[in-house]
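The two complexes that follow have chain A in common; it is paired with chain B in the first and with chain C in the second.
Moving on to the complex of A and B:
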């Protein structure tokens, strides 16, 4: 802090931060509270303590199927987004001079709300292939996850030592060897962070999944959304809490491996 | 193989994906919006603007998004400033506090608000207990509910945009202003705020855009009565299956967002040449 910040500002800042934390975390705390309540209906603060809603959720085929679908989808999206995004980021870092426009294009799914291309994608897919399928979701999620991988990888590549590749070249390494043994290891932290974001985005994504859903293609967020529209019960809270815990676990791993602040403010 | 060829080879798989699964759908949507039974037509747009209901939906989308953006600015600026000026250890905790909700599914967070804002929820019942609200008081299905929920969903975007700018700000600039006799608040207003303007602008555009185009939170908290544009698009796509009309609404949304984004992108591109 700058020296001689008035005392009332310091105290005010602390109160403000606490209130902001409460506001930002309140929905998550509430969901977690409801999930362990004994009551038949949704109640916060929770009454008693029981894990029966978790048992009910884990025995519900609708939730379990949706969970496996979301998991499979997120895993495949992570792989495809990392391969395409990693390659694109390496390409962009080399084409710095003419890369500006291409980079903007690559990052445009980040600024353009997904609802706009969700409706277009549904229309194109129906016109060509008929009913939506797993592949449609895979394609859609890869598009939205791609910019995150590109951004994290580009950030890492910007800090690398460019002479390393030059050295490999003078020592006679082929293009493929340079890419595999020099550039790719340099990308690793960025790719890893990108992979976490890609997985998380796909696993939590609701807009594209809602537009492309059909009775056989219900991801976990869509299943929860359906329950919320229809009749929320504490089972939804149990499933939601499990989703929050997965996010927390992903964040902890990311922080341990790479440091969160590094990618948060970039 | 030349270096140039190799670069393009690396870029092309991603480019192909974006052209096929991103550009083509947007183009298709644009075409559908002007497609009628007998060729090109503006009938879907006419229907939108001449209806009594839809202009109201559009207006609600714009003013609620503006209010949400404004609140995000007012809360986001001090929060980001405190984060930028705190020790690395505290900053890590604050970043976690901002990113954890951001990375949690919107559906889950909206559920939390549904519980909090419901008739028997914590907020309504404490207001009743304090005698500040009547028996039938309820927050769900009001614009207040949408605003509260959306601010919580979008605040992290504002904070992170601002934080990116504020952490790079040299604290000595503020010290200089202080030595020259500025009070703390004067320093904030005359030094920090103008220098943070790019982050504030970027964050505001992001928050406004996301707010105008989201439907999960507004439709769950606002209900069917208080509709916003994105919710209306979703309804037309999945329930009434009126795809041309849905496309026309998406084009209106798209045009509004483009009108905001393009000047901004041009502005941002200038310093880099």
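Moving on to the complex of A and C:
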């Protein structure tokens, strides 16, 4: 007979879980609290209630420009990372011997310190193209987002029925038809999850964006960082709260889509 | 014309030779079973006909056209996989329409009509809008069959299609397969390791062994008149006994003799005795010792020691013999198959 877990252990485990959750959520609570404070300075607990910092943030050209830049960047990174990562995953899932080496290479941004990649990319870019540009940021973010798309897509491809593609061949499907009707639908849940990661990684990436910034190229995280450094006021908290809300909204949308995909593909 | 002709097919994976010298012709509309133990090359041969594996040597012709170098998508075939290989993100109807859609056969309305007809053939028309994962194994199997016949292929290839079903469903599907084949008459090549399936379904059984064809014959003939020791032991688990033939008598290793069919040539030979053809009773000419009794419900299987060798005998459940006891057994001469030693 399996002995039951003693009551005090269970209570202890619950306290541990609650503390861990609190530890994870506390910063978010502080930021959200500060964002609706009436006070001039960043202070917690908030004094009074006001949406003035939201108003200020939404009326600040610096924040609004940075937001649009980050959004445009994240959207393009999502697309490029999904195309490249999806193609890489499909290729890797079929590779036999040399696949492991190539996979490690593609996944190396996960372990390589991004500050080193940032310095290297800045030097190479400056030497070849001169001043940094939107394209430099796009490239940099795509590289760091790529491993996530590859991992999630490889994971779903590992579970597929290997006979599906052969079956499609016997039914007359050409190479392109097999890609479109068989392989890509199988990749779909992995690509969607990868897209979510890619968007978020680009949207809140700070290290690369900081190195590659120029006066016309300030992303939202860099703008927040700069603001904190030079003139901290609760606007920063308001913007951060908006970022959190966008992420949560994306997560909900994706959950719905993924949920529907699961429903459709079994 | 949709006959299938294989000429001198050979195939190796690396240094391992899996097929050699396969010559096989299947007439239009014929249902042929490729029977053999796992690893005998039967699945590889099927995949070669499909074009999924290339030949090492030899020629594949379908309907008089050499398709040896054509990829599967350009061959007019359909294949049903052991795993069914239904596309999980498509409904039953979309799965069945898939071959027509890929080959651009007919307008949409015509495709829909053919899908409906194929689903009616397998009695699944009412489930057309379901997703594959909402179906039972037997239903998925029938969707796969509908998908295989919808494009009216020249050759239908079935790779152990019934092996994933439980015993009762398998028997049902066997009857249904025979029925469907009789109605639509597709040239069919069917891979199985199950001798009962091969014997009950096919017009002709092709028994494979170690990458070659051991024997090919109609089910009755291959069962009653196996040409080799391997064929007789694979089909119906025959007992094989070495013997010395002279003057219409076979002398076993321990000196006991039994009558063999008249006109059997003298010399060393192997006797193939089917377990259901050996009679236990006082009239028998041979003496054996009971080793083990296995209760099978309707019958007993006895393992006997005859001339220093174990043989298997089926007896009615009413025959009760104790292990260790001596027993008389006999076998009618025309039930003995004499094979070369």
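Rule of thumb we're sticking to: the second predicted complex is superposed on the first by the 251 of 266 C-alpha atoms of A that agree within 3 Å, B and C clash if a C-alpha of one lies under 4 Å from a C-alpha of the other, contacts with A are read in each partner's own complex, and residues count from 1 in each chain.
Here is the rule we go by: contacts are C-beta pairs under 8 Å (C-beta built on N, C-alpha and C of every residue); 3 or more make two chains touch, one makes a residue touch a chain.
Every value quoted in this text rests on a predicted model; they were computed, and no experiment measured them.
Annotation for the three-chain superposition on chain A: chain B and chain C fit side by side. Judged by the number of chain A residues each one touches, B leads among chain B and chain C. Contacts of A:169 after superposition on the shared chain: chain C is touched, whereas chain B is not.
When the shared chain is aligned, no partner comes close enough to touch A:59: not chain B, not chain C. Of the two partner chains placed by the overlay, neither chain B nor chain C lies in contact with A:216. The superposition places the C-alpha centres of chain B and chain C at an angle of 100 degrees about the C-alpha centre of chain A, rounded in steps of 10. Once the two complexes are laid over each other on the shared chain, residue contacts for A:161 go to chain C alone; chain B is not touched. Look at A:248: by the touch rule set out above, it reaches chain B but stays clear of chain C.
Contact with chain C, but none with chain B, is seen for A:182 once the two complexes are overlaid on the shared chain. With the two structures overlaid on their shared chain A, chain B and chain C come no closer than 11 Å at the level of C-alpha atoms. Common to the chain B-facing and chain C-facing surfaces of chain A are residues 264-266. The touching residues of chain A, when paired with chain C in their complex, are 161, 163-164, 166-174, 177, 181-182, 185-186, 188, 264-266.
Contacts from chain C toward chain A in the complex involve residues 50-52, 71-75, 77-79, 81-83, 85, 87-89, 98-99, 102-103, 131-133, 147, 151, 157. Listed in rising order, the residues of chain A touching chain B in the complex are 1-6, 9, 13, 16-17, 20-21, 23-31, 34, 42-45, 83-85, 87-88, 90-92, 94-95, 100, 102, 104-106, 108-109, 111-113, 115-117, 119-124, 127, 139-140, 142-143, 146, 150, 175, 200, 203-207, 210-211, 221, 224-225, 228-229, 232, 236-237, 240, 243-244, 247-248, 250-251, 255, 260-261, 264-266. Those residues of chain B that touch chain A in the shared complex are 1, 3, 6-11, 13-15, 17-18, 21-22, 24-29, 32, 75, 78-79, 82, 85-86, 88, 91-92, 94-101, 103-116, 118, 120-122, 152, 155-156, 160, 163-164, 167, 171, 174-175, 178, 184, 187, 206, 209-210, 212-216, 220, 230, 233-234, 237-238, 243, 246-247, 250, 253-254, 257, 261, 265, 269, 272.
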